[in-house]
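Below are structures written as structure tokens.
Shared chain: subunit A. Partners: subunit B in the first complex, subunit C in the second.
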Partner chain A sequence: MLDFFQAVSDGLLFGATYALIGIGFTLVFGVMHKLNLAYAAASIGAAYAGLLILQLGAGAPPWAVFLCAFLGGGVIGWLVYLTCFHFIPLSHQLAPLMSTVGMLLLIDEIIVHVTAGMPQNYPAMFDDVMLRAGGFTLRGDLLLVAGVSVLCMIGLLALLYRTRLGLATRAVSQQPVAAQLCGIRVARINALTFIITGLLGGIAGALIGASVGALSPLLTAPLTVKGLIVTVIGGLGSIPGAIVAGLLVGAFENVFQQFRGVTERDLYVMLLLFAFLVFRPGGLFAPKS
Partner chain B sequence: MDFYYGLAQTVGIHTLLGLSAYIVLLTGQVTMAQAAFFAIGAYAAGMLTVLAGWPIVPALGAGALLGAATAGAVGFPALRVKGLMLVVATLAFGEGVRLFFFNFDYQVAKGEIRVGPLGGEGFRQIRYFQENGWSTGEVMLFVWVFVILAMAVLWWFDRSRYGAVLRAVGEDELAAQSVGVNLTAVKVSAMAVGGAVAGVGGGLYAHYTTHIEHANFNVLLATFAIAYPIVGGLKNVFGTLVAVIFVQAILIEGLRFLGDWRNLLFGALIVAAMNLRPQGFLGGRRA
Partner chain C sequence: MKTLALAVALALSTSAFAQEKTIRITGFGAKSGVVRSFGINSEAAMLAAADVINKEGGVRLADGSKAKVVVDFLDDRCNAEEGISVLRRIYGTDAVVAVGPTCSNVAEPLFGILQKKVDDKGDSGLQMPVFTDVAIKVGLAKISEWAFRNVPNETTMYSSLFYWLKTKYPNAKTVFGGVEEDFAHSRASWYAVMKDRAEANGYNVLGNSKWLLNDTNFATQVREMKNANADIVAISAHPFTTCGVLKEMQRQGVKPKVLVGLTSSSSLETLQGCAKQAEGMIIPTSFAPVTKEGKAAAETTAKFKGAADLHSMAAWENMFILKQVIESEKLSGDKAQLQADRRKIRDGLAKLKETKGLMGVTKRTDDREADKPYLFVHANKGEWKVLHNPL
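So, the complex of A and B:
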């Protein structure tokens, strides 16, 4: 029983990163009604960008790496918007889907090219901290992951619901034409959405790197799939849904990894998704249409 | 010369994969499950020729039927959702099939060695062509017979009433439904036809490479399947062929002299192609 709770708590803490990735997918979908398949790859790319600061000064502390990944994520997010969305007319549904796939492959290959395909060690914080209660332990680095993720989510919700920029973003997501008539510059809001999700992705990538201990371009494909699953289970365009679904998927997969092994783990995550598609196709928090 | 025969086989098999996604895309649905039907066709045809000793053509037919049946079965529940939900549902199904083959063992002794699929090790020794003494050129011709057949059938579908119905559903579901088109029947039949084409492609692929494993049928292959018709355009079947030649022959083989830089250029050129021709190479005004 203790094993079970241990697996659930570790999974919940790591699930916070899935929640962040899910928020990135869901936010772009909510605002532009388009899928940005390059998002998870961009997040991992941003985490690699964080490592660049170690090239400048070998002794840079871990928080500087995290900050650099955060900012790098914003820049990559903007570049993705510019190359994959800005110049393609909105009426073409399939073209941006494909251009983001191209971007995904490009980011992967840039990473492979720069690192010569070697996994890179990632600095961790608090990885020597262990909170114990009887046989139950909480890993310090996973607590950090969850803590930073929660801070990011609070920041994002504050931005969306307490600022004029957030108001404009929500307006564009509901009625792009009406928003434009009110003098909101839609293209600018779209670009800002990509930058904001990019910043979140950068943090998520760095947190994943820190809790796994190493970064590899092999992380991008599973992370893309998990992020999409989280988005659908949570309900498209719903931020609270993405958060809850991220934690749910994290805990769920960790439990099955514990008891059924790593090769079967993802099979159960897919079954969970199918259960949702059949019984609750709108997701946990389906936005009212 | 064998190199060019090999390249022509790859182009042919990927054209079948692209065509299987093409017919589904005509109805406006984006499916990421084509790699799964491709895998099912590959494993089914391979097991039939190796384990049951069937000749190749009936084995391919069985693979196609199985692919079509699976696609139809997936189509019914999955097509209740659309847009992004369908992308994710089919993606999850594709991954589920891949993980199934990852854990799938079925080996029998044949002479001194054991043959058949073996989980993560994959399915080795699918040597039908070699055992029957086919040359590379003959295999290439055999593959292209199926490619031309599939293109002809889909071309004919496109020109017929059925193609008009498919495109009507793709343009505007509501309008199509209001003139009496049965949406479910159209979408599921398109999925089934796509599944059959992918099944044949998978069967040919298994016999051409002689060794398949679950990792061959990953998300990337599913992405390529929809990439070909989208990059080539949905105007007609030749768009898919042009895109396969663009990707497989020019980007993957033709740029080999660039060494490492080839892979970098690959993604960038797809991004550039979509920016310059959002409707695809041969696409009409509308995507």
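So, the complex of A and C:
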């Protein structure tokens, strides 16, 4: 029984990394009604960018790496917006979707070429902290990720509902033409959305790198898939939904692994996704239209 | 007058250049994706070896003339379909032999498109000698008589390792495995080699944990490992997940008496990813820069921006073995005789009973595999250091 609870808690905590990626997916979808499939790759790219600081100063502390990843994420987010959305006719539904697929592959290949595909050690925060209660343990670094996810959610909700930028963002999301007629610069709001999600992606990538302990191009594909699953299960456009779904997917994944083995694990996660698509297509927290 | 002399000199040198014979050897392997470093290192080793051969005059052909060795390297992305396509492309060039591939999941289907038995008129398979340097999964060369490998024999190496561990750690009685279930080499190496050899040496194998190549969370698997409380933990996985598992083992306080790793993990990647956690991990390998030749090969390969490891140095050795075969089989080097030259390479490789390697003499087996010398290395202060030489 202890193993079961341990598997659930491990999964819940690791699900926080999925939640962080899911938030980025859902924010862009909420504002632009478009999927940015390059988001997870851009987040990992930003985490790699964080390592650049170690090239400049070998003894740079982890927070400096995280800060560099945060800023790098913003820059990459803006570049993704420019290349995949700004110059591409958004009226063609498939065009931005395909351009983000291309960007995902491009970021992946750039990482592979720069690092020769070798895993890079990533500075950890609180990785030596383990909360223990008998045989039951909780990883300190994953608790940090979960905490940061909740803070990101609070920060984003505050930004969306308590600031003029948030008001403009919601206006663009709901009625882009009317927003434009009111003097809101839609392109600027869209770019800012990408920069904000990019900054968030930088944090997500760095925290994922820190919790895994290493960065590898192998991370991008599974994170993209899990991020999308989380976004759909949570409800497209719902930030709290992304967090709850991220934790749920992480927990289910671990439980399935515990009982059915690693080779069947993803099969059940996909079945869970299909179940949601059939019985609750709007997800757990479908935004009211 | 000066211009005329220059023109004549240029014409003569151009003519001489045009007459220079070449023998093309094409390497192929993964130069993109997460195993890109394997391709980079193999290519560098092949170019470095060709450079040494060419500086010594090149290879002697049937008519007594010398030819320079030209090396190309193509990317198969560690993908079976791409690998087959790349080999067909190589077949369409004047390459006399192909060296590769990197991945066992490419080698297996790729050997399948080669002619199974030479001179079988009913078999329209490709008649192209392939001399593998990296793909290590046990027993693949038997698929085709055109397939040859110069990769270490993992069965022999792990058998020897577990035998040695028996004497070195007499109190260690139990083994627990960790296996990257969706990667051909890792899977085959655990089930058919490590587990089998541990049992053959009298160890009690308590079980194994499984994970996938892309996995990042190993908490459940390491808990299984912890519950088993085995004396020896053997991890059959590539560096990325090996490092993930080692870090989780550290978190959960799993400290076996002995930690054994997969041959492919005795590389820079593991040390780059988790040198601290890998400390003490023992791996059998067919290369370490301990001989004069090995050191020189590693240094020359480094000049071509490659790292020397058991895989890339096999590519280096392949080049010198091929030089020997080209000369002993008297290749014409004539493009019109290309298929005959390819056949000579195949026959020459098949005849070899032993070859000279960087670590000593390599025995060739009847099923076109290699029985290479090996030693045991362990991770020690961020480096792979020789722990024991069983030979």
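As a working rule, the second predicted complex is superposed on the first by the 289 of 289 C-alpha atoms of A that agree within 3 Å, B and C clash if a C-alpha of one lies under 4 Å from a C-alpha of the other, contacts with A are read in each partner's own complex, and residues count from 1 in each chain.
Everything that follows uses one rule, which is that contacts are C-beta pairs under 8 Å (C-beta built on N, C-alpha and C of every residue); 3 or more make two chains touch, one makes a residue touch a chain.
Everything numeric here is computed off the predicted structure, so don't read it as measured data.
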Which superposed partner A:263 touches (first subunit B, second subunit C, both, neither): both
Looking at A:91, would you say it contacts subunit B, subunit C, both, or neither? Reply first, second, both or neither. first
Just checking: does A:280 make contact with subunit B only, subunit C only, both, or neither of them? Give me first, second, both or neither. neither
Is A:112 in contact with subunit B, with subunit C, with both, or with neither (first, second, both, neither)? both
Which chain makes contact with more of the residues of subunit A, subunit B or else subunit C? B
Check the residue A:185 against both partner chains and state whether it touches subunit B (first), subunit C (second), both, or neither. neither
State whether A:221 touches subunit B only (first), subunit C only (second), both chains, or neither. both
Using the touch definition from the top, say if A:162 reaches subunit B (first), subunit C (second), both or neither. neither
Subunit B versus subunit C as contact partner of A:10, first or second or both or neither: second
Contacts of subunit A common to subunit B and subunit C in the A-superposed view 109, 112-113, 221, 263
The answer for subunit B against subunit A in the complex is residues 25, 30, 77-78, 80-81, 84-85, 87-89, 91-93, 95-96, 99-100, 102-103, 120, 218-220, 223, 226-227, 230-231, 260, 263-264, 266-271, 273-275, 278-279, 286-287
Give the list of subunit A residues in touch with subunit C in this complex. 3, 6-7, 10-11, 14, 17, 109, 112-113, 116-121, 127, 130, 137, 139, 208, 211-214, 216-219, 221-222, 254, 257-258, 261-263
Across the complex, what residues on subunit C touch subunit A? 32-37, 40, 181-182, 210-217, 219-221, 223, 239-240, 243-244, 247, 251-252, 268-269, 272-275
With touch defined as at the start, can you tell me which subunit A residues reach subunit B in the complex? 29, 35, 83-84, 87-89, 91-99, 101-110, 112-113, 221, 224-225, 228-229, 231-232, 236, 263-264, 266-267, 270-271, 273-274, 277-278, 281
